[in-house]
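The following pair of complexes shares a single chain, chain A, combined with chain B in the former and chain C in the latter.
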Partner chain A sequence: MTRYLLRRTPSILLVLFATSVIAFLLPRLVPGDPAAVVAGPDAPPETIAAIRTQLGLDKPLITQYFDWIGGLFTGDLGQSLQFRRPVAELIGARVGSTVQLALLAGLFLVIFGIGLGILAGSARSRWARTLVEGTNTGFLAAPPFLVGLLLILVFGVIVRLLPTSGEISVLDNPNFGFQYLLLPALALALPMSAGVARLVQTSMLAVRQEDFVDLAVAKGVPPLRISIRHVLRNSLGPAVVALGIRFGDLLAGAVVIEAIFARNGLGQLAVAGAQGNDYPVMQVLIVGAVFVAVIAQLLTEISLSALDPRVRLG
Partner chain B sequence: MTEPVTAPPRRRRPRGGTLTRYTTAFRTPKGIAAAILLLGLVAVALLAPVLAPGGYDEQTRSALASPSGSHWLGTDEFGRDILVRTIYGLRTDLSLILTAVPVSLVIGTLLGLSGYVSAWFGSLMQRVLDIILGFPGLILGIMIVLIVGAGWTALFTAIVIAGLPGFGRLARGGLLTEQQREYVLAARVLGVKKSTVMIRHILPNVVDPLLVQASIFMVVAIFIEASLSIVGLGIRPPEPSLGAMLNVGARYISELPSYVLGPGLVLLLLALAFTLLSDALNQAATRR
Partner chain C sequence: MRRRYRCGSAAAALLMTVSTAAVAGCELAVNAGNPGANGSANCAPGGTLVAATAQPPIPARVLAQGAANFFWVRAVYEPLLTVNPLNVTEIKPVLATEYRIAADDRSVTLKLRNNVTFHSGRPFTSADVVFTIKQALTPTSPSDVKAILSGWQVEPNGDHEVTIRSKTPLSAVLGSTLDLTPIVDSRTYAGVENGSQLVGTGPFKVDSYQAGAQMVLTRNPNYWQPGQPVFDRIENVAIPDSTAQLSALRSGRAQLSFGLTTQDAQTITRGNRQYEIFRTGGTVYPLVLETRNGVFADKTTRQAVGYALDRGRINQQVFGGLGRTTGLYWADGTPDYPADLENRYGYDVKKARQMIQQAGATGAAVPITIINNPVLQAEYQIIANNLTEVGLKPSLVALAAPDYQQRVANGTAGNFLSFRGQNGTAAFMVQTNADLRLQGAHRQFASPQYTDLVNQVIQAGGGKAGAAALKNLTEYMLDEAFMHVLVQAPGVAVRSTALQNATMGLGGLRPHETCLGR
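Our next item is the complex of A and B:
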């Protein structure tokens, strides 16, 4: 394990370094003077000069980069241009909302993805399989935002069962908080779980053809035990990989879902930041998103080796 | 598509011929359904100026009117016909993906195959593609919006860049299996230039999975446009796109559900058409 982590470190550091450079160069890639863009069309020269100092544009490029990176490591994430508050404070106020959404959606993703996959991969009756495959194809074609809008229409407009706009933190009020969280999390998880389910299904059907399953049947192992201990465990590999890769998509999907359900999370901050050219906020969010995605991928590979001892991390 | 017989002889290939192979894709039920859906959607988009000569900005007196005989999907907050705007939105979406995806396909393929001509450049490009792949989808789009500014150009750039890793890695994989084959070595021994071998000899043999990927990526491209437009970073009003209409429509979802359902349905049909097309192409390509 330690050796594996040591071996992977250089490539992870390379990706993170490249990301940090791209994020750092972002305000400088914009055509024209970024300070003037930020200040707006009618800003007096003094304001532009002040913003230039604030963005650090008056120092040499290398110094600027190391100042910025040093700030990231010491917790000084800079000052938002738009909200005139520290970036750390803005992110701190919103990170809870997004984490709650991502956790519940991740939980749904695992339950529905693997559950549907098992159902489709082991159903004996033909119609059960057709039903599962039908729902799967439907969700595969539908992106999270359409599922979200449909859920709003059904549960918010037609039946009026659940709130569709705004949020209450689960930590403040578990009952109401969960109600506000349910629809967004479902909208985020359902379309992605279809992809996971399809992977579980195909690999379960393939594993069923293996010799060790025949052996288990011959030994007289009960069918349920065969499905769980022999087939399922050997089929989860691709699903785990898919879950790990999709964690990044989950974050990206959260941006759109937060907009549709009017949740005030990190996604909304990213959208506001992009609309208002708020570079200090965007730089931190971009590095953070890539960091989380890279860590998720690393955890995937580690849990894959726990599931299947043949996968050696060495 | 021309008859296989009339294809110029020098383009004929030993096994079956490329054109025949792709025309068989449109003889399967999936292929037929995909062709009908796609042709229908493209025809509607092309005929938009004929179907609605007033353009997407023509206003009527009643805002947010319910669906009726004269306005099948009702009217929007400025009294503009939603169906007309949906059709013009479809036009925007098609104009975007049908230009951006081919560009991404060509650049990505060339980057992937470039390892044959220059090994170090090929490896370097694979590292670059890995880094692009590390960015969660929408974050990449938002970054490009920050640099280019919201609008058609940003969406075009975002789709092109987002597609590069997929095409580049497929092409590279094909290159690695093909470059040791006898016909490639023979061509080199005969003194054919490396760049010619890459384009004329290797490319035709790796093109099948690339075309399937292009069709799959069309769906992704539609969703990139819609996602960015829904959060307000895509096509700018008053110009309609399917995503931009969903953005505004979501605000009026309880008063006028058809504002969301109309564009949403067209978006789904478009995605469905390309999903079916990729399935049909995949079948035709694997069944040689």
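Our next item is the complex of A and C:
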């Protein structure tokens, strides 16, 4: 695995360099002046010009780029133009919220995705399969924001059982923190789990037709053992790939879910950064998102090779 | 009384997940708010006010008015005088005990309270007034009242008195200008920009500030006014999404909310005894026309637009009927308000179409720039319908805030929709309002006559001369029709009916006596 990681390092660095250039230029291609936002809606042009100078936005682009990259190597991610705070501090204050949400949603994604997939891929009775497939189709058709709103309506308004607005860190108060996380994590995970479940189901049905399954049946292996040891294990490859891809979607979906549930995570920071043309914040978030995607991809490939001996790293 | 659920209770059955086991057996988070708030007339001291705003707090804009700071800034920073935003002639001393305007209306002496300290413990003195006004005048300061402050000379007379001398009459502008210039602490002002040090004299101290997210305030035990504040704590949380704001109100998390559209606010308050609309101040919504080129270079076409606009429909459909459609820029109740000039442009499609035809403008393209905002989008839909009806071809240019504000400030936005606070008298507005002022204005029109008429309003300072000057300016504005005021509407917040004694200044909520009835 070390050889594999070493061989992948140059391409990862290249991707990150290209991302840094794109992340730097892309926000600046969006029309508008961040100084105008800082100055306020009634500001005259002279105030906006003075703020541009104060924020260093009048420097040549190449200077701004190397200032930023130089800072990254020394651990300085830059200063937010809107909030005048270090970007690292802004991200640090929110990353816990998003990670907690993504982890619980990821857990639900695995549980519901693989669970529903196994049920649909194993269920013998017609009504059971119809029920599971119906549930799957429903989740496939429902975007996370819709599921979120339905959950708010049911558990926040009709039956006031769980909090629907705000957050408390699980680390500060595990009980309340977990309650605050439940609905957003479910809203994020349930629609995505349907896609994973469908993959597991299709794969399991295909594997069941394989000769080695017939051989196991002929040898008298119990059905549960066949399902778990022979069918499921050989069906998980596509699901693992899908879960890896879906992890990126979890972060993207968090933008909407954080907004609906009034959580202050990275998604909300990204939205605020984009709305105010806060270049330093956007730059770091874009590079960070690509970095996470690259790591998720690496982990997917490693997991795949662990599950399926035919798949070799490298 | 708080409900408690034991293991294996309803929560587990409902959610059907392993995770519910962790929830069950524990206190429910939904029961952990302000217990017993019910809107009764009895206010018990203590408790927490959770106030939601669509924008996060922006400490760098302490010296400016803005929705982002509406619910926290006057709890921390206090002005010398405050003005009732629903009646701008009603002025009350805050950090000043009294003010005496000289007979020539060119100077004022303010006596300052001598028992006021900043949150740091340092006594408040006249040097802080001088410092604050100096900071408001720096090139990067966002102060809305720079134009007025730049004409002032502020001299301390000892520690607890200041004299302000002005080149122009003071009485018409003093209250609003000072209300929008809260006193900052000279020792810690450098930390205001990034919110690291927010030290004022107000009834609440900043406990914590999470940039872009929330501001938490706690009671100032050394506040100069005994018995105030009533709340122990204020949490100003940013909730940009309107659905989430409604959810915060409905779930009981927030007792006060600002940033919903009027329709959303009416949705939650209509027929609901738990919430009510809270008017925060006056706002004017104009359509500003590009007069330097294009179809509106012709005055007849501009006037035709005045007749084409169905202001009543905009008021009903966009502002829920809460606004006024006088067509004037000035708030009702402004001194010397020219009531006889109201409704100069009545809704008359036939007349508008004829005027457009006479001007040869039929079929002319009319792009209208707006900032991405549901209120302005809704306004545009009605305006577009009105203009199409009279033979023009409107089109929408919807921009994000950085682009819109840059174009509007640089005068490259063309025709645009905006909204501005009605923060004072006409003399105050023509010096500070971006649509009206002479320097750095956003409007797309200028003429020597306009400059002259505005200067007359500034110099008149009330009385018969003031009334005549305002009438002349208003007549000229209506005749030139370089912008059309669509609606004057109140700022709309939603508050829990349990919330009592919530008062507003121009800078925002003054939560000194605000409390929850229990």
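Here is the rule we go by: the second predicted complex is superposed on the first by the 268 of 314 C-alpha atoms of A that agree within 3 Å, B and C clash if a C-alpha of one lies under 4 Å from a C-alpha of the other, contacts with A are read in each partner's own complex, and residues count from 1 in each chain.
Rule of thumb we're sticking to: contacts are C-beta pairs under 8 Å (C-beta built on N, C-alpha and C of every residue); 3 or more make two chains touch, one makes a residue touch a chain.
Computed from a prediction, not measured in an experiment: that's the story for all the values here.
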{"item": "Partner chain in contact with A:Val255 - chain B first, chain C second, else both or neither", "value": "first"}
{"item": "Which superposed partner A:Val30 touches (first chain B, second chain C, both, neither)", "value": "both"}
{"item": "Contacts of A:Gln179 with chain B and chain C, given as first, second, both or neither", "value": "second"}
{"item": "Chain B versus chain C as contact partner of A:Gln275, first or second or both or neither", "value": "both"}
{"item": "Contacts of A:Glu46 with chain B and chain C, given as first, second, both or neither", "value": "second"}
{"item": "First (chain B), second (chain C), both or neither touched by A:Ala289", "value": "first"}
{"item": "Partner chain in contact with A:Arg126 - chain B first, chain C second, else both or neither", "value": "neither"}
{"item": "First, second, both or neither for A:Lys219, with chain B first and chain C second", "value": "neither"}
{"item": "Residue contacts on chain A - larger count, chain B or chain C", "value": "C"}
{"item": "Chain B versus chain C as contact partner of A:Val157, first or second or both or neither", "value": "both"}
{"item": "Residues of chain A contacting chain B in one complex and chain C in the other", "value": "30, 149, 152, 156-157, 259-260, 271, 275, 277"}
{"item": "Residue ranges of chain A touching chain B (in the complex, touch as defined)", "value": "14-15, 18-19, 22, 26, 29-30, 140-143, 145-146, 149-150, 152-153, 156-157, 248-249, 251-253, 255-256, 259-260, 267, 270-271, 274-275, 277, 279, 282, 285-286, 289-290, 293-294"}
{"item": "Residue ranges of chain A in contact with chain C within the complex", "value": "30-34, 36-48, 50-51, 54, 80, 82-85, 89-90, 93-94, 104, 108, 111, 149, 152, 155-157, 159-166, 168, 174-176, 178-180, 182, 186, 259-262, 264, 268-269, 271-272, 275-277"}
{"item": "Chain C residues touching chain A - in the complex, by the definition given at the top", "value": "10-11, 14-15, 17-20, 22-23, 26-30, 32, 52, 56, 58, 60-61, 64, 66, 139-142, 144, 193-195, 210-214, 237-241, 243-245, 247-248, 250-251, 253-254, 399-406, 408-410, 418, 420, 432-434, 439-442"}
{"item": "Touching residues (chain side chain B, partner chain A) in the complex", "value": "127, 130-131, 134-139, 142-143, 145-147, 150, 219, 223, 226-227, 230-233, 246, 250, 253-254, 257, 260-261, 264, 267-268, 271-272, 275"}
